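Encoded as structure tokens, here's the structure I'll be asking about.
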Amino acid sequence: MRVGVLTGGGDCPGLNAVIRAIVRKGVQEYGYDFTGFRDGWRGPLEGRTVPLDIPAVRGILPRGGTILGSSRTNPLQAEDGVRRVRENLAGQDIDALIAIGGEDTLGVAATLYEEHGLPCVGVPKTIDNDLSGTDFTFGFDTAVNIATEAIDRLHTTAESHMRVLVCEVMGRHAGWIALHSGLAGGANVILIPEHRFDLDEVCGWITSRFEAAYAPIVVVAEGAMPREGEMVLKDESHDSFGHVRLSGVGEWLAKQIERRTGKEARTTVLGHVQRGGTPSAFDRWLATRFGLHAIDCVHEGDFGKMVALQGTRIVRIPISEATARLKTVDPELYAEAGVFFG
Amino acid sequence: MRVGVLTGGGDCPGLNAVIRAIVRKGVQEYGYDFTGFRDGWRGPLEGRTVPLDIPAVRGILPRGGTILGSSRTNPLQAEDGVRRVRENLAGQDIDALIAIGGEDTLGVAATLYEEHGLPCVGVPKTIDNDLSGTDFTFGFDTAVNIATEAIDRLHTTAESHMRVLVCEVMGRHAGWIALHSGLAGGANVILIPEHRFDLDEVCGWITSRFEAAYAPIVVVAEGAMPREGEMVLKDESHDSFGHVRLSGVGEWLAKQIERRTGKEARTTVLGHVQRGGTPSAFDRWLATRFGLHAIDCVHEGDFGKMVALQGTRIVRIPISEATARLKTVDPELYAEAGVFFG
Amino acid sequence: MRVGVLTGGGDCPGLNAVIRAIVRKGVQEYGYDFTGFRDGWRGPLEGRTVPLDIPAVRGILPRGGTILGSSRTNPLQAEDGVRRVRENLAGQDIDALIAIGGEDTLGVAATLYEEHGLPCVGVPKTIDNDLSGTDFTFGFDTAVNIATEAIDRLHTTAESHMRVLVCEVMGRHAGWIALHSGLAGGANVILIPEHRFDLDEVCGWITSRFEAAYAPIVVVAEGAMPREGEMVLKDESHDSFGHVRLSGVGEWLAKQIERRTGKEARTTVLGHVQRGGTPSAFDRWLATRFGLHAIDCVHEGDFGKMVALQGTRIVRIPISEATARLKTVDPELYAEAGVFFG
Amino acid sequence: MRVGVLTGGGDCPGLNAVIRAIVRKGVQEYGYDFTGFRDGWRGPLEGRTVPLDIPAVRGILPRGGTILGSSRTNPLQAEDGVRRVRENLAGQDIDALIAIGGEDTLGVAATLYEEHGLPCVGVPKTIDNDLSGTDFTFGFDTAVNIATEAIDRLHTTAESHMRVLVCEVMGRHAGWIALHSGLAGGANVILIPEHRFDLDEVCGWITSRFEAAYAPIVVVAEGAMPREGEMVLKDESHDSFGHVRLSGVGEWLAKQIERRTGKEARTTVLGHVQRGGTPSAFDRWLATRFGLHAIDCVHEGDFGKMVALQGTRIVRIPISEATARLKTVDPELYAEAGVFFG
């Protein structure tokens, strides 16, 4: 029995922990052989492989990134893609394929399984925590810890200079990182893509915060949007030459706040540091358990399934179900945080 | 409406986050007044109080410990305890009491509510994660992160000297910290109180690890016990004068391993560093949500309940149910980790 | 004897540690009273004070920022500034003034001492480490640790996607943070303000790095400049509307690298997180010792002096000497790092 | 030209950074070949080698421990040791040998150079910072950071329970780690081997601390000793059977404090976590520079020398000078910290 493994999409702390768990249990308990496919679906598409055995996974548990590399290649959009994938899998004598990735990577796995009968198992991966069917995805806890530590640091700077500090975190379509790190970091305003914000209200919170002799921290997801919409971001931001400028929402927000409240405001865009480096203990634990259960799926011939966390148990759900819709922040949950605004 | 708050038992990162959330929502949303009781149940028993309002909870979110102090005082075992508690609550015009604590502290709350009609709400707290009815308790994630970071550090020392390193972590009755940090830290042996260990088997794992040119890490919960039982710990450990010596299981284990495998072994006892300091982002998020929901219980007059995490939702369960039995590590869950032993 | 204390300029981890040490030793050993001046030189200028005694400094050692607030107010440029400062100091019965700050703040202290006879003592503070006369300033080590941890995280992202990652760190006029964090983080290119960089050479290093199957990390100080000069930064950067755009050097660099090498490049601008939060152990130790020696200066009537670190000893040098010229990175020291480029 | 490298003594964060810098500069700038000797002086003594080239040092900069392994083997005490070392070096065509280690490892290098003409260069390594001739050794800053973080955590536990917390840190003969982490962590008592402590005085500080409503933290170096001497440690410590017991000074101290002050006291022994894991930015910077300068010594034929940090410069001193006497804490420096006691 030979099992292929690939990692697709943006990198995420915990990928290596999944790979290690799959290989350790697969080799030691089930006697399987493994083939690593390089750079996501590009691996099976182009027949790019790397050896994957016990020595290859030594020492990778605490390391961020993925030893298999990653890409956003979609074989379904490549010419003759399905046939090429099928041939390359056959050429490597692959009996089952474990795909670790987000919506796109798993969507491919779902299609290959359902429409083409390829024996795929999915492991959910997204720093943004926006995949349905699982309480959490690994990588998310690490990102939230990094963002929270940054917010902790920004507090002291804000207080010393009585400035507004805007911290832009990841989350293009879902505000999970903003919500969790904002709550954990004691932010005074949290803005998420699921809820268009009202600039007057935001400035009101900021002003009332200053009146209480605090310096406010605003945590904003990169995908958050003012009520007035995207055009506003373009129209009201100019550089020193008077030219229009497209900036991130964080920078735009700081300028608007300065203009309307008369207070100094600064922006920090956390960016890629949120997705790299050693995973938190929670993410290593979750990723390891995902790996152990994914290889069990293979062992039981339970294909077309994705492993998921529900409570403290690892369960299996159809991959297609998990990728059917984005898991966004519930309005009620967002409202719960509102008591800390202002 | 005046609400009393107390924290009992061993300290735990996240206690202050609970207190802050209770007060912020209680004051801002419900217009309540608060009284802080000092040092757990000793506060209501002896009428020891501290002011508790918005300024008092400023800046405490990221701080470990508890601004209310703690103790293990049990008013049910004090002479005339219930009457004194009742009188002191009445004397302070307390309409409801929120008790934040573990098995013992909450057990008192359950009895006071069920047998004496006192309007109590419980918030679960234990670093050991061994309370029933809740997926996790705050403080646990912080402890696991600290232990995992320590294990990461021990790996490099073990490899450089090709030594066994034994890391003793908290967990007198339940092995959750050992299991999670052992999995996250890549331990080669994990020993928990729920499963008596066989010394020969342990030494076998260690020997096979060295044969694979690795240096083994053993994570042992302080309450883990060899198959031969507690007497062995006493009988086989002697100091340099030849006298019997009661040591922790970690130190005992290192000596046994040295004797049986001929390899050098060293022990690190993590101790109190696991329970102090700034909480992880997860623990701040969980503790904050527990606080918000606890004050909602008070607002709705839903007494005798404890807030709990189930999946990603905060639910309410009878306090008595949560304290009825210890939540220990399931044999199946422990077996799952076995693939990494040896 | 009453001593005034102020903190000026950008905030910096360790300011509170200095204040605490001054007050602890001043009160306990010399029996002094203290007055805190708020917001840098604005405090003495406008007579803004806060109480400063043992309770006020309790628990502030590990906290970033400054309990005294800060500003960039320069009393020498305010109308009648010197007279107002002198009167406010007299009004508060101040016998000596300790100014903690960078070039600007200390420059004022030097002038007030030398030209107006005010009894000032200086404590050097700059995250950038660019003050002369002292081996290191506190805050610098914390900033370097934060930047290094970020670079560690960026490595795994770079490797997983085989991308260039550009990390822009603080340092407008001096490249100390870039040099130290770049060396500590294993960067493949380090660019500093003291040495204009050649874009072709930078791209050559990057290409050769990819040829060796590595993903390169570029650490660039915010004040680093291409050989072609500042105009280039303006001219070659356009937004999606085709308009000119002023961006930081980090973003500009990533675009140039993409254009010239054909490799994907991403930028992270660390920004304010470098200067906030809890100080490293080194910075707490240095800041504490600076505070202890500053109050000794006052005790000995040794005014016009700044405390400084030379080797492991704290010495005193004239403030004017320290602020006379910026301490920049020596070309030889920069050359030493060159072996790791490319 | 072929250069041998070995690492001896206890492991220390930064060893790998030294090795990497030596190899990177040696290969790229000077065109040297390298041989790694395994396990300290045991390598040359028994002819145990490992390949050492650019690929071998890839990615090791942030990793603790040493890829070369370590031991305390002393070839001068082995039968025919010098001859065997000489023969093995000749057998490997070694033209120069770089020894990275502490007093013992470097002492061997000094003797081999001075009495036997072997071309040795030394790099100082000790977590304890007790080597003469250098302001700091790498590993020390990491250990101090780890100890300080632990002390930060212990504070919150101590405050919550109003307990004494004793933290035992490394330092058998010198109190550098205790002094630096004690100052940085805000300890109320710091005890070092260089100054025998008076138990009454210690208990006085603790009592006065409680009177000020604080919970005291005691930082004690493992080699600190009461005025009454070592016998006291043996005589007054008994286990629950009434038997004499040899414990560490930390545990002994906690018992004495409990007995004399009536306050609860707990001990944490940090142990091996202080010496493992990823090095701090300072240690990586220092270790890297030591490595670069050590290979320069080889290149210039400047043997019998050890690289050292003086201020911010790397200098060279005779190895024999550095190992002639231990660098202990100066009484004056210790007295400086006294203002924080009690």
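For reference, chains read A, B, C and D in written order, and residue numbers begin at 1 within each chain.
As a working rule, contacts are C-beta pairs under 8 Å (C-beta built on N, C-alpha and C of every residue); 3 or more make two chains touch, one makes a residue touch a chain.
It should be emphasised that the depicted structure is a prediction, and the values quoted were computed from it without experimental measurement.
Following the contact convention of this document, no chain is adjacent to both subunit A and subunit C.
Same interface as B-D, judged by over half of the contact pairs sharing residue numbers, among the pairs A-B, C-D or A-C: A-C.
For subunit B, the chain with the farthest CA centroid is C.
If you average the CA atoms of subunit A and of subunit D, the two centres end up 41 Å from each other.
A separation of 30 Å divides the Cα centre of subunit C from that of subunit D. Looking at subunit C, one finds that residues 152 touch two or more other chains. Interface note: chains touch in the pairs A-B, A-C, B-D, C-D.
Within the complex, the subunit A residues that touch subunit C are 10-11, 13, 15, 63-66, 69-71, 146, 149-150, 152-157, 159-162, 165, 239-241, 243-246, 266-273, 275-277. Here subunit B touches subunit A in the complex through residues 24-25, 28-29, 61-62, 135-136, 141, 144-145, 147-148, 152, 180-181, 183-186, 278, 280-282, 284-285, 288-289, 292, 310-312, 336, 339-340, going by the rule given at the top.
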